[in-house]
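Chains here go by letter, A, B, C and D, matching the order in which they are written, and residues are numbered from 1 within each.
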Amino acid sequence: MLDRPPIKVGILGATGTVGQRFITLLSVHPWFAIHVLGASSRSAGKPYATAVNWKQDMIVEDCKPEAFKECGVIFSGLDADVAGDIETNTDQRAHFVRLNWPVFSNAKNYRRDPHVPLIVPLVNLEHLSMVSQQQALHSPPLKKGFIVTNANCSTTAHVIPLSALERKFGPIDTLMVTTMQAISGAGYPGVPSLDIIDNVVPYISGEEEKIEWETRKILGGIADVEPEQLVGEKMLQEFDLHAHTPLKISASCNRVPVTVGHMINVSVKFSRSPPPSPQQVCEALRAYRPGAQVHGTGAGVSVGRVRQCPVLDIKFVVLADNVSIGAATSSIINAEFAVLKGVVG
Amino acid sequence: MLDRPPIKVGILGATGTVGQRFITLLSVHPWFAIHVLGASSRSAGKPYATAVNWKQDMIVEDCKPEAFKECGVIFSGLDADVAGDIETNTDQRAHFVRLNWPVFSNAKNYRRDPHVPLIVPLVNLEHLSMVSQQQALHSPPLKKGFIVTNANCSTTAHVIPLSALERKFGPIDTLMVTTMQAISGAGYPGVPSLDIIDNVVPYISGEEEKIEWETRKILGGIADVEPEQLVGEKMLQEFDLHAHTPLKISASCNRVPVTVGHMINVSVKFSRSPPPSPQQVCEALRAYRPGAQVHGTGAGVSVGRVRQCPVLDIKFVVLADNVSIGAATSSIINAEFAVLKGVVG
Amino acid sequence: MLDRPPIKVGILGATGTVGQRFITLLSVHPWFAIHVLGASSRSAGKPYATAVNWKQDMIVEDCKPEAFKECGVIFSGLDADVAGDIETNTDQRAHFVRLNWPVFSNAKNYRRDPHVPLIVPLVNLEHLSMVSQQQALHSPPLKKGFIVTNANCSTTAHVIPLSALERKFGPIDTLMVTTMQAISGAGYPGVPSLDIIDNVVPYISGEEEKIEWETRKILGGIADVEPEQLVGEKMLQEFDLHAHTPLKISASCNRVPVTVGHMINVSVKFSRSPPPSPQQVCEALRAYRPGAQVHGTGAGVSVGRVRQCPVLDIKFVVLADNVSIGAATSSIINAEFAVLKGVVG
Amino acid sequence: MLDRPPIKVGILGATGTVGQRFITLLSVHPWFAIHVLGASSRSAGKPYATAVNWKQDMIVEDCKPEAFKECGVIFSGLDADVAGDIETNTDQRAHFVRLNWPVFSNAKNYRRDPHVPLIVPLVNLEHLSMVSQQQALHSPPLKKGFIVTNANCSTTAHVIPLSALERKFGPIDTLMVTTMQAISGAGYPGVPSLDIIDNVVPYISGEEEKIEWETRKILGGIADVEPEQLVGEKMLQEFDLHAHTPLKISASCNRVPVTVGHMINVSVKFSRSPPPSPQQVCEALRAYRPGAQVHGTGAGVSVGRVRQCPVLDIKFVVLADNVSIGAATSSIINAEFAVLKGVVG
């Protein structure tokens, strides 16, 4: 247990599906205490009636910094179309990072930013080290404010076993993934029922590119920029995007009529030769103990049908509870780790 | 076959689900030729790309009368929230009925109007006789313009067998219906998939009241108003709402995860005593030949499981293809009948 | 907590869906300890590999009494087609009740037996009092053996709120129920997917009659047989099947493409006049505290949409988690109560 | 049209899902007249009540040759577990091929036989030429009897566009396919609903191996055996299994909660370098005119989302109506072609 008073937290986008999940998880959290709920001006000013048993109900606030001034951490479940503006823009009213808040954001807006960590808790928590450079490069430099993002829920699912395999067998060279994603991954109202009941939709806008790009950033490391440069007294660093081995990835994404649970068919080719056998892969996955503690029941992934791939080396099936492992859970674990490491002041 | 040139028709709300169905059905219709497609100003001005093999594509127009001046009939698939204004309001631009067009509307707006027929083709085409009074009472009186509505798709499904039973066994006294309605009945985007996949939603806004009210108007007759009044040389008439026997109806409506097909559990009590047996009911339904010709495959309803009801008299199950029997099909059959009867000039 | 050593229990039909549920619930039960698993000879002799963390795995036995001799209680999840023979027939090998075991059975075979209680835990635990008469009338009289049954899962769902309403407002006169039942209610393999995906099946074999009959037995009381007869020193009694008010019931049953959760549309007419208002009904349901303790999360039913019924008095919707409330849960609560009351020795 | 009297045909396995489809298609066929229906002895002797409007109903026969003696062609929808015995075994009663019937079989039993053509109508009808060798090698040689098989429905779906691409761009080198298959592909009762509603099952027994193997036979050619051997006056030939380019294939198969329609994600690498662009692939698919006439509406496949694959060359999505394109349709087109080519006497 943490030997300090709970940290007051604000939730941006509190009325959406990710926001609701933040509230469910944080309302019983030992370290964080929900202090402010922010949403669009459409909801602002209304009471937030929820099933959780709070002593007193809360009023939803506009996503303006004044309301959040007592908060030590901001969680954001904002949609991508507003997240950029509210989380970091130069408008003084809405500038959460600039105003020195740690922001843990689920939106896709800053995932590709060269200074922003994109962290899957069981995989690359060490990327949190880039926060100090992010702060130093800000103008003016930030003492407490920063932004950390988490990945798309289908990326999150497959990088967990892939990370385990790379730790054991060295770099992966080629990756083909075909996803069958649950409708809960699309938020609410999400996919119209007429499009998906008794149907498969073999397209999810932007998803394939996201998986292909995010996987490289997450499985990649951090390297000194060449030629060498200094930031204060430290070397300027960058995410290397799996530069030690160019990682070829092809993702095909499908939406299926399932409420919860992303099923993913994965084939991989390893750099090393000969590659591990299916049995060695099974043993590596069974033996894998991620660095971060798993966060309660369900927030893991299941791997099955590990077998030879006649084209690449090994193929297997990944099933992830996209609600438990996704968005809100990842943001919160990232924040816990940031607290433990002293990154959150 | 009709011995006259095809009637040019306009379709209001041509881009919605009902409008699309109008286009599908009318593009191969022997009597009607699609001439103008109208939609909200959001779509107006764009080409209407469809699967039907028209020689030349059409441009969607604003729903303003000028564009429709060559049309002899207007079909309306407008949503209820705009239908009232566009179909009949006093704004000179948008006043289709007032400007003397016959309008066959699928919207709910005028279904309860005491001068507007609410017609289910297989059931109460004789209600078309109220059109002349509707025209005469208009100020100024209309020569060609009028509005005829058709019913909600779940009402349509159960009144067909109920009408057959009333013709054979006399008035129904009590009716309990429980619907399990397909998502296609809610249009597009309609029900969010997260609400309905692996779920039943035991509520459809306004539906129970609509079924209870519309059933009485459709199964009811037309009677002289008392005390007697004249409209020109004719007696003023009204829909009697099943006045010969007060019809008690209780409807319970549910949405189920089914794409097409409304399933309805019906229990009825007849006025006459003793009531018909299940076998007599089966025979009556088998022998029933509706006055209007059935409109191709699928545009009927199926009845099964006719059996004793321990509370009322008889219970049975109705299954209707809500897409084939619904909205657009009913409007078109009503228009065909109006042409045959000379109600459309 | 019970101040006695755990009672060893045997489970008949341990490999079916109900049997699996018995095992899940009993493996963490404070009073009962699973001692023998019985199944058909097809499974007998094999180890029962389960997810539960038993210290040592168990071998499935044939459903013959020898294997169960140390058990104090038998739970039966046997299918109806074998339950009758195995639970009580005169074949000495298989005669569990005759051999003096208390049997809590989920099968339908003995539900209508005039000496066998049919108990829904939240509703009519007082019917357990008929056990002593059942034992006394057996030839030869039984000291410890008896059979108690529980109801069909859709009956169980609606009798809970109906019981609450009868306690508050007196007897119900008429009841119409339309069920939309989940596929999990049909066991495994149950309904073929081709029959139910994107479909409603408006028929469940025997279900409507079961609901109509079981509801009367459960909501009814126990009365002295007339003319009076003695059983030993007690009056001979019978289940009165709601004799104080003949209860008219009509049930219509449908299978819907939902995995878990029976949704039921209910309309009721009370004997008393005037009937309670929807608001009074809501208040009565909210205030209701069943005699038996609720058995953990989910093992209740939800009632919503309480409103006037234009035909009977009041209509509402019941949603029950048929897996949590059903079969195994009811049997176990009945057994707990029997232990508390000293009916199990 | 064929200038000859209709050929009387017998259907083996007439009561299963494939058999029912044979009956539906053949009952309106211009060349073939259903003459005998054969099924297991469980059904034999009963009338076959169907929806098709035959003048007189037919009695289902046992699958013994005597009943089929007037038939010129046999279609078989038998399940794999009995197909081998009934279609070709040495038991004199059941030896349809040996007794000189042309058999068009949907079972998997003979698909891999080195003398039996495995034909997808739009793809490799030329493999029919192996029939004469099959007859000559039989002991004693057959004059009229032979067996032709058709492929698994998911293989059938993807080989059609692959064949079009090979004709235009030369051999395919590598193929990765991930299927999302409808439940109708599993026959009836097929997949239990509890396993598939709101779920994906990432495994179909034997399917991946079947796709990998059958694709090579279908896309491959026919070559003289080396060293050369004679069969009568002809060279002994064999299916070359795509020997001109070893075809690497990896298939991953999933069952999804969809009633009809197999969706397949395909990635291909061509032998030639540079490979065709996505645009060239689109053009080739649009221009493709298969040698065999397409058999009515629906019996084709749709290809979409043709795009670059970052790992192989090109990826795209295939959607096939597995009921229309599958089993029975393929067998019948194969038989039509055999009649046209004089292979059926």
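Keep this in mind: a residue touches a chain if its C-beta (ideal position, glycine included) is under 8 Å from a C-beta of that chain, and two chains touch if they have at least 3 such contacts.
Remember, it's a predicted structure, so these values are computed and weren't measured experimentally.
Name the pair in B-D, A-B or A-D that forms the same interface as B-C; by residue number, over half of the contact pairs must coincide.
A-D
So which has more C-beta pairs touching, A-D or A-C?
Greater number of contacting C-beta pairs: A-D.
Could you state the distance in Å from the CA-based centre of chain C to that of chain D?
So the centre of chain C lies 51 Å away from the centre of chain D.
Where the centres are mean C-alpha positions, what is the separation of chain A from chain D, in Å?
From the centre of chain A to the centre of chain D is 46 Å.
Please list all residues of chain A that touch 2 or more other chains.
Touching at least two other chains: 197-198, 257-259.
Taking the complex as given, what residues does chain B use to touch chain D?
For this pair, the touching residues of chain B are 197-198.
What part of chain D is in contact with chain A in the complex they form?
174-176, 178, 180, 198-200, 202-203, 212, 248-250, 252, 254, 256-259, 261, 263, 265, 267, 304-305, 309-312, 315, 317, 319
Considering only the defined contacts, which chain B positions touch chain A in the complex?
183-184, 188-198, 257-259
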